[in-house]
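Take a look at the structures listed below.
What follows is a pair of complexes built around subunit A, which joins subunit B in one and subunit C in the other.
And then the complex of A and B:
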């Protein structure tokens, strides 16, 4: 199973929408993906190490090097296929590279 | 969303003449405080958060003619209600772009998302996104005159 960490500033709106959209679309594409949604300020090195992919709205400065692949998921928020497809494609590419 | 009319309130639609997001948050925030929809500390938390995690949403990528919006919001502890307060800005204000924070977008409408339940699947944001990206509703908003008209238009 691939674990994705979605994150946004308040941890209530955007990150939850990213979590739901990523789980749904990646399952539709045949991948076993589970995502969690958190506040950026709660993200630390230990938390990140438990996930396979980090999916913030845009890459934040966390004060440490992010040890896992980062996929910027902001465009998903528009809920328009033309905007979200490149993000999902990128996620799929990363998932494939991890699963090898 | 089933109960859109409950997520908006004609009493929470404001016409604002301000020149920065700080002023906007101060003005709308104090009205929300007065109406007990938010808790003390809301304005400061919103302002701080907007600086670190901006909420401007560029709608010109959806439709080149569309006006842009912002969706300012903060943590659940500062909210007493679940719904959206709407501010029409007399003159557009620059917000930093949520998705590309180094860029700015001129914002004509700010949708303040209030959410007091961390674990509820509110989908407030998805409802708004649907509104922003279907037809050119934001520009149509601009043709409306009264708060009641805006309320009816948003909830229908």
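And then the complex of A and C:
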């Protein structure tokens, strides 16, 4: 199973949209993906190390180097399938490279 | 005619008397169906809203019941009258979405956006449906103080237009802050950026008189990393509970109860916040589909909730530093009645500070400290309204003394809230209030025009820099 971490301001709105969309689309594409949504200010090195992919809206400055692949998921929030497709394609590519 | 009214009454009266959760379940489900959302999704959204309303009521009940006695004794033992419980954004948002007027104001703002897009007065399509609640609070405040839907609608339209214009003005700054290319469509119409004009005044003051302070800016990300879990919701709940327990002379056992109850409530508030945002999701998607179908072939910017810039560490560093400052200000500020708790991390303010100062941390903190009292005063003044609205949707415990109130200490758009209170009073026909309101609105618009001028200057500089690259 691939674990994805989404993060936004309060950990309730944007990050949940990303979490739900990533889980749904990746399952449709045949991958076993589970995502969590958190407040970006609570993200630390220990938390990130428990995940396979970090999917913030755009790459944040967390004060440490992010040790896992980062996929910027902002376009998912635009609510237009044509614009979010590249994010899912990128995610799929990363998942494939991890699973190898 | 009479039979129609009688028929309508016989249908709607029983539904209205069901209370807010079932009522909003019905309204939201039907509305989503009308927008062409699949019926299972529509029902799922409606149910989640009803559950969120019920859940948030239960948690407000736990929090106010636990703190009611302590806050009364806090007033007695310290002589400082801070009796309003600060529940933070999630309960206020939820009870605002518990009012059917929010859907009406949403309709108005969606129409404004579509008209402005069609007339090419803006380039932003707002898909942040959930955050309409900020503007709905403005409209509901006018209704609360003035009972005049027409005037409330006018004020909502005015601020709605300015918010959309502001999203265009800020667009190049967002690209700069995100280090994103010009093709990046992310912007926002979020209410918290309506503080920009006032912040800009102080920022210009800094440019002229205190520019040397900028060299003391420190690394925001490093500070946040050091603060670690101490800045998280449950930790804040624990030490504010202890703080109130000690100052109100509670026993060690009662103090521990306060601390852990506050921690639990702050965590649960945002969990329930997530349910109810999920509840609005089918509606948001329905409106976005409707709008983008009508605007086919045109590229535009997309208005999101504010946190697409939450990756900037300055937002959190400033909020962390400002939290204890706000607590001190709350203790000494005349007229303030709120003891900061749920809203002590000022997310309703620091993103605007970031956008105007473009990440100059010392400026963010100093201007933040100057601006926070406005939030506390606004939070105090809207407390009767928030409490009454909570009661109206059944989200307020019965056993609490009627003097007990709830509010939100750092709610976005404090200036707009104060404006709404003035306009609400004015709409009852009081000449003095009408005069004050007109003056206040004139000042509000003038300072926005000045700000727009400054932002256009900034945006020209961005465009030039782009060309010289």
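Note that the second predicted complex is superposed on the first by the 100 of 100 C-alpha atoms of A that agree within 3 Å, B and C clash if a C-alpha of one lies under 4 Å from a C-alpha of the other, contacts with A are read in each partner's own complex, and residues count from 1 in each chain.
Criterion: a contact is a pair of C-beta atoms (placed from the backbone, for glycine too) under 8 Å apart; a residue touches a chain by one contact, two chains touch by 3 or more.
Everything numeric in this text was worked out from a predicted model, so none of it was measured.
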{"item": "Fit or clash between subunit C and subunit B when superposed on subunit A", "value": "clash"}
{"item": "First, second, both or neither for A:77, with subunit B first and subunit C second", "value": "both"}
{"item": "First (subunit B), second (subunit C), both or neither touched by A:44", "value": "second"}
{"item": "Partner contacting more residues of subunit A (subunit B vs subunit C)", "value": "C"}
{"item": "Subunit B versus subunit C as contact partner of A:63, first or second or both or neither", "value": "second"}
{"item": "Steric overlap of subunit C with subunit B in the superposed model, located at which of 217-225, 343-351 or 361-369", "value": "343-351"}
{"item": "Those residues of subunit A which subunit B touches in one complex and subunit C touches in the other", "value": "8-14, 16-17, 20, 39-40, 57-58, 74, 77-80"}
{"item": "Of all residues in subunit A, those that touch subunit C in their complex", "value": "7-17, 20, 37, 39-42, 44, 56-64, 74, 77-80"}
{"item": "List of subunit B residues in touch with subunit A within their complex", "value": "49, 52-53, 57, 61-62, 71, 73-76, 98-101, 113, 115, 118, 121-126, 129-130, 132-133"}
{"item": "Touching residues (chain side subunit C, partner subunit A) in the complex", "value": "89-90, 127, 130, 178, 180, 185-186, 219-222, 224-225, 228-229, 231-233, 270-271, 273-274, 277-278, 281, 284-285, 288-289, 292, 302, 304-313, 315-316, 347, 351"}
{"item": "Interfacial residue positions of subunit A with respect to subunit B in the complex", "value": "8-14, 16-17, 20, 39-40, 57-58, 72, 74-75, 77-80, 83"}
